[in-house]
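When the chains are written out, they are named A, B, C, D and E in that same order, and each has its own residue count from 1.
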């Protein structure tokens, strides 16, 4: 399977089947998680009452924001060291999607924060700020790529930024432990395993899986488009050369 | 490793930093200007001013490091100096670090040194704390300059890339800004903050030069 | 007066302003970045934030106009474009005004348009006032760009004159900043403030172009 | 053309200081339609400075310049923005000068068709020079001030430029050019600094 | 010198894309001590790009470059800072390269004595070129890569440069230079792009 990710041709074949599967399975998981979250699980008054149901979007979105940036950094690293074109294509595909999920995390967090903490936004909160800047990093990555004149240079510049920006990910993850924050500390992904009640935990994990699958499917679709675009550019160049 | 080219890079950058007019006086002017404009907008309530003072100094440091750095590497690309540095045989990361350090000495450190004065302008009580803060500002601004250098190197081929630099560099500033203000406000959990600030600066000094070197090679291509 | 060269200067400057990457998105990023760093330093007390919000927006506008303007005229000197503009036969003051206006449209106005959003981030109450303030920010930033243009033109031959610009331009910004924040806070004596702000902007638009033209002629000499 | 026409340019007693030192003094020249003056002088003699003075860009320390005719100026720096392609550059100046010349034809004449849409930042040295010379053809002006016009041009480019200049001189134009090589067009006089 | 020496530079199969277009491909060359190769080609053919590639500044799309010898590179841009005078510039690079050559002598040899203390921003075009060439004499390096070396030089400057280059070739150095004019030094081969 891994070889399929190294070779564009094999990747196209693999993703033609995998992307729809990912969409389908992802949507199923998300819908099931939402159904559980919105109608089945009991509300938790300590977490703001019914508004806590936004958790089933907020937490998966937060996870994906961090995972997608890590993916961007890893893909950039792979491209930088081994020059696998597919790694660059993956990085380019991840950035806008990562930005969307990060924005989703911020939006749902704010919506949840207004009733529970009494504020949409807390400026000196390290967690919120670091997630906001993660969004900035994604946007900066895209702006930087867009301002370069050739694909090769865009890839190199983007890779440098993505690798350097990876400092932010641990900061996000551990910000709640390092600083006083309004935000609760991690209760799912912790060193001693999950501490959340199972009623919440199962739908949350299923939702998380669903978001990951949907994200993966979208990344594959973006990559397919990009591979085809690069092919067209190459063929056009060859045709012009005569 | 032969230190001569690195030392030469440092000297050239330092001369360049001072050449554009009155050297360190200018960043001071910039900081002073910001310090004057802020209370104008805010009003002169003593309590408010005291509360915002340190924050404003941090922000001024961050912004003026951006303004200073915008041209460093871009100028090198435009006048052909970068080609020469890339071919000295010295590790480019060391050259980039030397240049950044020179610009920090010329423009960043004077700002940090001026910070107690500014704090007083913001109605802070004169105390030994101000001197301690000076050290924090100096540390933090060093990290700003290194991360800013990465942004500057990345956008060196893009004319008027100054604003692109901001977008790239600001997220990199965040850890430093967070630890720095935490160390200053001295709230709960701030015991380790000066150490964390130092660590984040050290990290910047260790990682940023390699990123700069890669970005500069790209800019020459 | 033949308007063709002036219109051409406007178009060229506008294209230049957008060329460096993603155009108006970038100054927005700058302003956003500044707005974000400030509270990091200040803390998040709602009352304090509300008090400093407008001031911070003014300062960010001023600083980002400086960052934008630093390179305008310096680039023209370096690439020889200034020689061409000085010889079009059109009044240089009009050309300079057209260029400044273009840069304001590309970088200043978007900032002003984003100000209500920023004000909300600073815990301001959503109200029609924010729209009125948008107008004040737009007016004020226009004055900032014109005065900043004078500073940029004066320091156009000095490489890395960016900080020199700040020193020259910041004092010129003060009246605008005073009237602007007065108009916004609506304290005693603030009835006439919007008029005074408009007057100071008008004054900048009327006087600055001639100063710019003279400074540019000097830069080419 | 022995009819005494008004000179397109006349200057007398020009002098300039550079860094406490007199760079040149007492320079005078007169240019009639159809004439070509070549400026000669060692590196640093002041050819560029004199040309800028004649173009009205630099203020002489002493002396008089009368320039009743419109002029074109092409210096060491071409005046092309990094984001401007040759086509956009010419369109801009055509607009500014109110010229209606065909830009496609001019690009063709200067063999810039291939580079017509490459941003200024990526143009080769010769392509930049050619773009600057293309401005000469945008609008007919009697007086051309050219600083080292052959710089960076290939053989074909030099021949092309010589033809353009010769044509300009034949139709009553005049030029002053600084040069280190032999000129490929009829030269009326040489001025040595 | 028929003893087979190791080449100072050898390259094969070089190719590069510029803006989706192949600028050149399949370029190869070998340079032995004492040899001079002149690059020819129309404006925009890719001479500068090839030289930058040989200097290690630009990454080739395909092909191999082996450059065992140290080299000097003089491009279109001289690498002089606006605040640097020729004297300071040379002192800086002497320091960086660990050279102990006499800077006063080199300035003298390039006829830069008068301009030795003028900041880079005010140097004339030829003075800037001469300052760049002065770097060649700071440190002896076998391989010189020169992009249009005659640009902006006056007649005396060209003669001086020809002598410097000929001396370099005689003592076992080698050069690759892009040029539009005839070379004033013995040329081993011409490569046309």
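In the analysis below, contacts are C-beta pairs under 8 Å (C-beta built on N, C-alpha and C of every residue); 3 or more make two chains touch, one makes a residue touch a chain.
Predicted, not measured: the structure shown is a model, and the values here were computed from it.
Participant: Where centres are the averaged C-alpha coordinates, which chain has the largest centre distance to chain E?
Facilitator: Using the mean of the C-alpha atoms as each chain's centre, the farthest one from chain E is A.
Participant: What pair of chains is linked by the most C-beta contacts?
Facilitator: Of all chain pairs, the one joined by the most C-beta contacts is B-C.
Participant: Go ahead and align chain B to its copy chain C using Cα positions, then give the rotation in degrees, nearest 5.
Facilitator: Answer in degrees: 180, to the nearest 5.
Participant: For the two copies chain E and chain D, is the contact made of the same residues on each side, with over half of the numbers shared, or of different residues?
Facilitator: Same; most numbers are used by both chain D and chain E.
Participant: Between chain C and chain D, what distance separates the C-alpha centroids? Give it in angstrom.
Facilitator: From the centre of chain C to the centre of chain D is 37 Å.
Participant: Centre to centre, by mean C-alpha position, how many angstrom separate chain A and chain B?
Facilitator: 31
Participant: So what's the Cα centroid distance for chain A and chain E, whole Å?
Facilitator: Using C-alpha averages as centres, the distance is 50 Å.
Participant: Identify all positions of chain D at which a residue touches two or more other chains, and write them in rising order.
Facilitator: If we look for residues of chain D contacting two or more partner chains, we find 76, 82-83, 122.
Participant: Going through chain C residue by residue, note those that touch at least 2 other chains and give them in order.
Facilitator: Residues 16, 19-22, 26, 29, 33, 36, 39-40, 42-43, 75, 78, 159.
Participant: Which parts of chain A, given as residue numbers and ranges, touch two or more other chains?
Facilitator: 124, 129, 133, 136, 139-140, 143-144, 147, 149
Participant: So in the complex, the part of chain D that touches chain E is made up of which residues?
Facilitator: 18-19, 41-45, 48, 76, 111, 114-115, 118, 122-127, 129-130, 148, 151-158, 180-181
Participant: Within their complex, state which residues of chain A touch chain E.
Facilitator: 149-150, 233, 236-237, 240-241
Participant: Can you tell me which positions in chain E touch chain A when the two form their complex?
Facilitator: Residues in contact with chain A: 17, 19-22.
Participant: Where on chain B does chain C make contact in their complex?
Facilitator: 16-17, 19-22, 26-27, 29-30, 33-34, 36-43, 45, 48, 51-52, 54-59, 62-64, 66-68, 70-71, 75, 78, 107, 155, 158-164, 166-167, 170, 173-174, 177-178, 180-181, 185
Participant: Can you list the chain B residues touching chain A in their complex?
Facilitator: Interface residues on the chain B side: 147, 150, 154-155, 157-158, 161, 164, 167-168, 170-172, 174-175, 178, 181-182, 187-189, 196, 203, 207-208, 211, 214-215, 218, 221.
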